[in-house]
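Next come two complexes, and both contain chain A; in the first it sits with chain B, in the second with chain C.
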Partner chain A sequence: MSELLTTSAPDGAPAAVGVVDAFVHHQWNTQLDFYEYLPDGWREYLGRPGTIRGGRGMAAALPKPDALPPGGMWLSDSGAPDGGVPGSDLGTLREQLLERQGISRAVLGFDGVMNAPTYPNPGYAHDVVRAANDWTVGEWLSGQDDRLYGLGLVPNHLPELAAAEIRRIGAHPRIVGLLMGGNGLSKFFGHPLYHPIYDAAADMDLPIVIHVGGDSPPNTLSHATAGGLPSTFAEHYALRAQSVQSHLLSIMVQGVLERHRNLRVMIVGAGVTWIPGLLWRSDSDFKQSAPREAPWMKRSPSEQFLEQVRVSTYSNRTAPAAEALRRCLSVFPGIENVITFASGYPRWDADLAEHVAGYFPVQWRERVMGANAQDFYRWPTS
Partner chain B sequence: MPPALDDVVIGPESDFPEGTHRIMEVGGRSIGIYRSNGTLYAVQNVCAHALAPICVSPLTGTYLPSEPDVFTYGMEGLVLRCPWHTWEFDVRDGKSLFTGDQRRLKTFPIRVQDGSVVISLRVRRKVAVQAATE
Partner chain C sequence: MNGYAGPRIDTDVHHTWKTDAEVVQYLPARWREFADGMMSNWPGRSRLEPSLLFSPLPNGFTNRIDSIPPSGGPPASEYGFMVEQLIEPFNMRRIVVSFEIGLQPGVTNVEFAAELTRAVNRWQVEYWMSLPDDRVHGSLLLPTQQPELAAAEIRRYADHPKIAEALLVVNGAGKPFGHPVYHPIYEAAAEVGMPVGIHTVGDTTPFGTLTHTSAGGLPNTRFERRSLMAQPVHHYWSSYVVHGVFEKWPNLHLLLKETGVTGWVSLLWELDACYDLLRRESSWVRKLPSEYFREHAMLSTQPLDEPENHHDLIEVLESQGGWENSLCFATDYPHHDTDNPNYIAKRIPQAWWDKVFYENAVRAYGWTDIPATVHEFEAATSLVH
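Our next item is the complex of A and B:
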């Protein structure tokens, strides 16, 4: 793996940054694993298995997953040795991801837990998110492996309380960013309602990560796709970049990035091929109407994007062949500073680091595979 | 040295009262003549974006650059807004009001001299003769 990076150094010197995985889907094996982090009341509310006949007695803590791929949600060989669900076992993750792919730093960003903010009861959603954050710190970021870091999930249902949670969990040195997962308020993420969230993030120097799928859970009033709900997973998957484009454009046009010039945003899960179309179109439309509708826009969408937005390679399987991808992206000079490797492990559509690196020009690889994530997240200083 | 401009008299000052605008053929060009806040402006009737006849629009104001969530109306009588795609320009110098866009409208010096309104521009000769005999 190191060859992928050293070949990109202009003078042949070893690269300063190893491979950084900007997003990994970790999760608990069973919700009992995070019970100890939940308030007593919610623990009793959910119940325990076996308290009624047939092993039943526990309600699901999380919203149901969105559209499922036909072969299942995760890589078929990524389960824990004891039969645990993929992404729940440190040893398996360490062997399959960190060791086998030569990852020097990996950022844990939750799997289905990320949709907890969409639970209809906002107080419950807040407390589950808070417990999930504590569970990440307690079970993954407390000396288990120095290569692991995490995102703080944002309970965006209640922006003021979310800001308080950002300041609380964000104080932990291994929390390097924040995750806007499930769309609890069913509004675009640039809406002024969310100002307290971005104010807190900027104060804490914590970047925002937006992962696809947050508009899919059944309790959101928003939809992951425009025009209706797809009948097949293939349609759902092909169209998944729609909602994150909506959130990103909203953030840029509503002035979030003007209010906070130090705030950084990363889009995860939609690949990268949607970028030129969105920027071309929005730059043009910005000239038409922004002076009246958003007079605070002092930079075009593409200018804001190139300065403050990063996009993960995951899932790179939607990319065309390498040369076509390079030509597609190169229309915006500096795009090599935007594209950021993320494996998405252990989701079914996860990418191998080596495979992703081969898609990008040698001159881009140090940026894409490590340096961009290194510059993006708030890493501990010591 | 750029070629010298020609002075073309387009009418008595009384033909251009405050708050009005007219489109005239002057020196072979279609030009919008505006009088706003006591000042005369002359703008070529071609939008710098998509060549629309922009001078069919009156002068307006617009929202000024601001902090997020703040709307501050200003530049009253100084903004020319295209009827096709609503691009906005500063009538004083023709510059686009969109940050970073270099396209601008063509403007001409205009003044009142001895009771007449005079535009300075490079006359397209062949057509200028026609205009002069009208």
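Our next item is the complex of A and C:
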């Protein structure tokens, strides 16, 4: 895999970075695996199987998502050899992702627990998020494999406590960014209520990663789609870029990126084809509306976007023919500095690094497959 | 050639009444009394609209300042001034007027909403569709909180020569418009051969619908609301595919208004890529979503996206291809962001002009009383002279 990058360097020189995977979905095999990171009270509250006759006695720590892919949530061959759930076993992840695909650095970003900020009990949700962060550090980022890094999940339903959690978990050298998953306040992510999160992130020099799906859990009042709720997973999926476009636009309009010129934001899971539609529409509205409604906006949405926003390739499976997408995106000079490879492993719609590398123009390859992620995350300095 | 000199059709014009009394007179007596009583101590506010998400434009004025007629009445409330400002200068062979902005089906009282919608349609037929001017055609507003009544309204006006389309605005049942709850509307429209128009902003009446105008929460500014205004219609489109509307009614045509264009490129790619998923979850998906789109839908051009380099827009559309057959010109007159046809002509390829300014709309509306092509139109005109 690494030869894909070396051949892409325009002057034939070896590339400086290997393939960097900007987003991987890791999770525990059973919730018992993260119990030791939870406060005693919640551990007792959730309970253990077998304490009631017939194997009963444990409440599910995470709610069930509503719309599920008809073929299953994860790649069919991604389970652990002992029957563990996909994304839960270091050995399987190492073999299928890091070794087989030649990935030099991978960033762990959680699976279902990323929606914890939407759980109705705010204290429980906060403690689950903290425990999930500690579990990631303890079980994945403490010398297990030096190619692995992680995101800190943000308990965004309580922004002041979220800022405190960012300063706590963000101090760990292997936490290289922050994850906005579930929409805990059911507001656009640019809403001023959320600003303490961005203040803390900018202070810590940690970039923000927004993953699709944060408006889909059962307890959020925001909707995953405009115009009503869909009947099928396919529509949820085909329209998954809607809510992240809302969140990104509001972050630009409400001045987050003007206030923090060093803050970086990445959108993950929505593919990349939505970019021209959002930027042109909002650039027009910027000219008309910003002077009165958003006077703090000095730069248009497309200027802010090209400087401070990155978009993951995942899922590249829904992209059109390569030449069509190249034409579509090339209207934005510098777009090759925006598009950032992420596998999304082991979700059902994950991409293989070599497919993505072969899909984008050869001149973009080094940026897309490694350099953009390398520049985006805050890696350990030592 | 300096610009497009042929006939034009304007598929999105927002006309209105001079005073509420023009419409109220067509309400049954008890609802007339209801409308008058409700607003009797709140002068100056219209009785005939539901509450909207609050994000006003500056000065609370949504129209071009110069569209206020000399009499001082509401913009687009006077036929004569509309002829002078829109129809004559831009050589409009036909315009389709569709209310300012047709939110009456969304008033909270479900009975009143239906009566009011019927009164609006009566007003339209008596005032505007009775003009001796075959250039002015109209839309039939549908009482969407009660799809069976909407179907009855379509059948009532089925034979009216100037009703060009049935118009969906407010999402009255709180489901994307392809949902089976709305199917009586398509049954009736297909039966009488009436195209269905959809105009954006149908999910901004919070008391008539629990749906949201944007995914991810509600917008905080007009800026955000407007930049995201195509989202509901994108979802409507996927729902038409999933619920088999075009399989059940193969002759049904849709005109999607004020949704922009560029965002559809992404949506059609995403939906096509989900073909296998769609087939597993729906018994109705037999073609690629983009094929249904090419066969059954047209987009109005306004607001046409405005990248600094206008070739960029065409580059993005051409990366998918086929768009010259799916766009119908619209001004959105008299709104503040009205598109001038001469400006739009400069931003699209000359080879698209005949289709976008004229031919696509004739086909979408199924008009047979005017020539189908610009070429035939010009031939017929030269015979007359």
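Operating definition for what follows: the second predicted complex is superposed on the first by the 381 of 382 C-alpha atoms of A that agree within 3 Å, B and C clash if a C-alpha of one lies under 4 Å from a C-alpha of the other, contacts with A are read in each partner's own complex, and residues count from 1 in each chain.
One rule holds for everything that comes next: a contact is a pair of C-beta atoms (placed from the backbone, for glycine too) under 8 Å apart; a residue touches a chain by one contact, two chains touch by 3 or more.
All values reported here derive from a predicted model rather than from experimental measurement.
In the overlay built on the shared chain, the residue A:295 is in contact with chain B alone; chain C does not reach it. Using the contact criterion defined above for the overlaid structures, shared-chain residue A:303 touches chain B, although it does not reach chain C. Contacts of A:286 after superposition on the shared chain: both chain B and chain C are touched. After overlaying the two complexes on the shared chain, residue contacts for A:239 are found with chain C alone; chain B is out of touch.
Look at A:139: by the touch rule set out above, it reaches neither chain B nor chain C.
Looking at the shared chain after the overlay, A:324 reaches chain C, while chain B stays out of its contact range.
When chain A is checked against chain B and against chain C, the one touching more of its residues turns out to be C. Of the two partner chains, chain B and chain C are each touched by A:254. Overlap of the chain B and chain C interfaces on chain A comprises residues 254, 286, 288-290, 292.
Listed in rising order, the residues of chain C touching chain A in the complex are 58, 171, 174-177, 179, 202-203, 211-224, 226-228, 230-236, 238-239, 242-243, 260, 262-267, 269-274, 277-278, 280-282, 303, 305-307, 309, 312-313, 315-316, 318-320, 337.
Those residues of chain A that touch chain B in the complex are listed here as 192, 254-256, 258-259, 286-292, 295-300, 303. Those residues of chain A that touch chain C in the shared complex are 69-71, 183, 186-191, 214-215, 222-235, 237-239, 241-247, 249-250, 253-254, 271, 273-274, 276-278, 280-286, 288-290, 292-294, 317-320, 324-325, 327-328, 330-331. Per the touch definition, chain B reaches chain A in the complex via residues 49, 62-72, 85-88, 96-101.
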